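In the two complexes that follow, subunit A is the common piece, with subunit B as its partner first and subunit C second.
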Partner chain A sequence: MSEPIKRLRRPALWTAGAVLLLALPFYLDRFWLQAGLFAMAAAIGAIGLNLLTGATGQLSMGHAFFLAVGAYGYCVLAGDSTATLTGLNLPSWLAAVLAVALAGVAGGLFSPIAGRLQGAYLGIATLALIFIGQHVLFNAHDLTGGFNGRDVPPLSLFGVTFDESELLVAAVPFGSAEKLWYVALLALAGCALFARGVLRGRPGRAMNAIRDHRIAAGVMGVPVARYRAGVFVLSSMYAGLAGVLLALVFQRTVPEYFGMILSLEYLAMIVIGGLGSVAGAVVGAVFVSLLPQLLTRYSDALPLVSAPGTGGVAPGEASRYLYGAAVVAVVLFLPGGLVRPALRRKTTTPGE
Partner chain B sequence: MPTRTQVTRTTAATLAALLALTAAGCSSKAKDSGKDGDKPSAGGIKTGQGVTDKTIKLGVLTDMTGVYASLGKSVTQAQQLYAKQINADGGICGRKVELVVRDHGYDPQKAVSGYTELSPQVLGFAQFIGSPFVAAVKQRVDGQDKGLVIPQAWSASLLGSPYIRVIGNTYDVETINAVDFLMKEKGLKKGDKLGHVYFEGDYGENALAGAKYAAGEAGLTVVEQKIKPTDNDMTAQVASLKKAGVKGVVISAGPRQAASFVGVAAAVKLQAPIIGNNSAFSPQLLATQAGPALTKNYYVASPTQPIGTDSPAAKKLVADYRAAYPSDALDNGVVAGWTAASVFGEALKKACAAKDLTREGVDKALLTIDAYDSGFGTTHDFTDPKAPSSRQTVVLRPDKKATGGMKVVREAEVSQAAESFTVGG
Partner chain C sequence: MSTGAPTLEVRDLTVRFAGLTALDGIGFTVRPGTVHAVIGPNGAGKSTCFNVLSGVYRATSGSVRFGGEELTGLPAHRIADLGVARTFQNLALPPGATVEDSLMLGRHRLTRTGFVAAGLGLPYAVREEARHRERVREIAAFVGLEDQLARPAGTLPYGQQKLAELARALCMEPKLLLLDEPVAGMTAGERRATAAVVAGVRDSLGISIVLVEHDMGVVMRLADSVTVLDFGRLIADGTPASVQSDPAVVRAYLGEEATS
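And now, the complex of A and B:
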């Protein structure tokens, strides 16, 4: 293929994609925007986990814990103090930044463990975080609101409040979902570019070296423990930002959500999408968060699925079967994840 | 291999997308002045979201695959039965009632998405399982949607909204009445110790607030035992309550915990009477080893009479439900679902009479219902959004021979303490 055309083609595709994403809030209804927002938040979290698990080979089951730190951190920092709840009432943009930092600090506190353990051992150790987190979320009433969670204060940025108040843009009423769409898009773009930079630079090569051969990496002068701890902190911060975004979309944080299932879903995202790459994390996140919603929504039109309450397979059950089958199919037939077939064609080496 | 035409095509697509963006004014979402808003339709009746000339759409957000699957199934089937019967009678306002069911499997993300999907297309929600999720969308219900939502949860934290209306006594009121039953009829007296086994979370904690209030009024001491929904063996709880010397026990947990507690208590000869909240029993328990102990020393406080009540309404419901769903168990979820649907139906009929089938019209109509009797022993008053629709509690006991496994031991009654209690305060 001739070089100038190839050079022209990529930016053109990127621009088309970007314009499409920017235009969506003008057309889609709230259900789809919300689904998209969940997917974008998940994508940010998945990029973080992919840095840790995919690129550095460190298994973490505790991702949901750091999401919770971000989500609840934002609520506590930005929320009002009431009779039953503590809140610091900070400006919401500052609260969002601090919540991400807080998730990083939580990751940092765990880093003495994260730096020393590897593989499945780290997985088990991080599992403990989930259980501790759930216990705290249910019982620290004045911080978390207990079982019923607490309201999420709307984000306020440059004089725009991202709440339900309607803002007319080109005659289209913008509610919270439409406005948050752009925040999420911006955050996702920033996070993706940063992660790409990390992965393509020296740190990325060091991380891959640690994953592939820890001792060899050490011999070559990579400070293994420090890198492991550092990437753990970075991944926690990504999770924290995903948590803040999720909280803003939900408009209420509920402890039930931040359980082990959520951690497993994030692992499924990076496995399905492709381990170790930013694109893989994004594709996996979109797939995993949209599939159940699509199946539930279009359950009426799918074969073998009956309306709930009439007997037969309920849409909820059917979506689980299909979801499980999809995971198995991807692992069996696309071991490199959904983004890998495209990559493989380009990088086929004579030895393969 | 990309050719020049392909590149041109991509560029063209980009341009088209750009044009589309500038033409966003033509989006279907754009606001045409005067197009929105409630419009009068057939028969001079004002209608809004979820209502056409032919149908009234009601949302049902249920759990058929998660932790409350058995409750969700009974409630939803009872509501579908109600819709079928009312449609066979010609519907409401000449319109057929249609239920749009979404199963969220007790997953917060799916529940919130389900609400977002359904809320623009339905008049209101006849069922919403999971009080944390109801709380999650409360802002939107109160702020902009303003459609009637009937949660299948009885926590006092749900009260206060004019649009989210709890049907029947809340857990705190129910527990106060349960303690009153123990004192009046089971020999619990001033100065005694009362054991309370409760779930972590709003169900148990709401019940605990009631137990503490009742104990304060009656001069009892509460001995607390907090458990998790995953704790199934109650041996430790029985032992420590026995050691504390309790003279009565309230259980605010699930059916399994109640069965374990009652069974173990009988084995170690803890003689205190035991009463549970309405969620702490299911008829399937009677076939287990704990069955004999349950029929001997266990009571259940409930907002309504059981499904097996000897009343025409109950008998008809049992017969119809059996005919429609022959293989499914009859439990109190059927009564709860039926009651919720019939309350919604009643509000719709009133709204129809006032020629206003908009969300606002239905909300207003519900506020005028002050003595509704669904045929299960309690009357409901919906005029005050801050209070539960009823403070009456029926006390039941398990009975193998009764339909649905329960019979009434004390008819609907409000104790003095429950009358004076400020709910959620």
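And now, the complex of A and C:
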């Protein structure tokens, strides 16, 4: 009697979750929709980083660079040419696809280094990407708009433009956030399923083998350098897509956002959520990106936290302390991250 | 399964680590389909020899020929592609993965699914996965691990972990199998079972085996020929019986005898 019920529980939970996520734009206000969109974009980027760092054991500090390539790539490819800015004026869906490809190419250019360096050494080398990225973003004015950044052209897909022109769906006005919600949800679902397939299949086993025992991986026939390079490219493309989505949500890209702190935030996401798994990346991304929003929304109700500029601890800052503490707590007490609290420190290393 | 395992020829192999000569011009030949034991006291250079054969260490000089191929200079994964499999003296199993997934890693060189096919779950990738899981279960049954497939490899008793590593090497369908102390740390019962598995591999699969082992009972029972190393030098080479009565070997093993 209870067997079929147990077997139905998982699909039932997934269906309920999917319905809930699909219905949210009808109920949430703009603030929470933005926050949710932000979390979904971050989740895509975190899945990519978890493929590289969690599943393959290759540290990257350069994730923010590839997010920037995606975000700015989209702006340049889809944007109009003006007196001060270069734009190729491509159809926006094509620009989005090409921006992801561009992030992949950027990852490919770095992959000879990513293939040769191991673990923490790669982390140090990828710091260079942040510095190069920041320099270019601030100085290549005609591409990036320099310090002030540039506007993000709205996405249009199948004749629907994801801007503020309101569409009435079941008597609920759909602005850009509502419409983008479904694009982001679809992108996240696709990215999550793809990564899950990779992790559970032959490439995932090879990646985990490289992380757990590099020498044995080679002896078992895994071309270690080629795999590291391949995963690096894949993870760059995930970051590129996350960058495109973030740009669409923010509607403006600014260079200082894509700094070292952003790379650290993505690392915090996968450590907090759980290294090496898709669910870990998603949970961590939701945690790290919603925390500052929660603190902002309820700053007056919380002790010590106050609205920005009023003298107390600003919400952004407070959330950084909080997830800094969360990272330490997870590393010490929950090596499997939030998604696998049962995992004990001694028995296994983090991973699928 | 092909029985045409090529001959392995090691010639004048020298390996030096900063100041220490771990292997000093050793050479031996492993005829197809035979079990060749490499024995010697701790530190004699046996594992170093395996590390060169499998591409983990670079030889300082000398040659290793396997069929028509020169192995020195090839990266580990290319040597694996030629059908050379090995186990490690100290376990090299992933701690978290199930036994079945650990064995599936052995199928890496025999499968083709890449990132895109796995990510999209293409039918060919699904079929390939199912086919090779089937074979993995057969091999697990062959070594007696069929009931442990769903368990994380790290939770098995030590002896069974060693067996799982042997099974993973067999999953590569090798032509040459290098076993580094396969029964070390095992109970008497596990030793007997593992020796029977190795004998079964030789008899039914016809692959060549190089065996490093301190357990003389196992060596004498399984080996067709024996090479004895001491401090990186070859001190004897021949049939188990002739090597056992060699005075140089007896001298090298004095004091070892009590512990093994």
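By definition in this document, the second predicted complex is superposed on the first by the 318 of 352 C-alpha atoms of A that agree within 3 Å, B and C clash if a C-alpha of one lies under 4 Å from a C-alpha of the other, contacts with A are read in each partner's own complex, and residues count from 1 in each chain.
The criterion applied here is as follows: a contact is a pair of C-beta atoms (placed from the backbone, for glycine too) under 8 Å apart; a residue touches a chain by one contact, two chains touch by 3 or more.
No experiment lies behind these values; they were computed from the predicted model shown.
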Subunit A as common anchor, with subunit B and subunit C clashing or fitting: fit
Which of subunit B and subunit C A:L8 touches, first, second, both or neither: first
Touched partner set for A:A216, first subunit B, second subunit C, both or neither: second
First, second, both or neither for A:R202, with subunit B first and subunit C second: second
Which superposed partner A:Y257 touches (first subunit B, second subunit C, both, neither): first
Which superposed partner A:V224 touches (first subunit B, second subunit C, both, neither): second
Distance in angstrom between the closest Cα atoms of subunit C and subunit B, superposition on A: 21
Residue ranges of subunit A in contact with subunit B within the complex: 1, 5-6, 8-9, 12-13, 15-16, 19-20, 22-23, 26-27, 29-31, 34-35, 38, 138-139, 146-149, 151, 164, 168-173, 250-252, 254, 256-257, 289, 292-293, 296-297, 307-310, 314-317, 320
In the complex, subunit A residues that touch subunit C: 193-195, 197-198, 200-206, 208-209, 212-213, 215-224, 230, 234, 347-349, 351-352
Subunit C to subunit A touching residues, read off their complex: 54-56, 75-77, 79-81, 85-86, 88, 92-97, 101, 104-109, 111, 113-115, 117-121, 125, 128-129, 152, 154-155, 168, 172
Touching residues (chain side subunit B, partner subunit A) in the complex: 1-4, 6-7, 10-11, 13-14, 17-18, 20-21, 24-25, 27-31, 60, 62, 64-66, 73, 76-77, 80, 101-106, 108-110, 112-114, 116-117, 120, 131-133, 135-140, 143-144, 155, 157, 200-202, 205
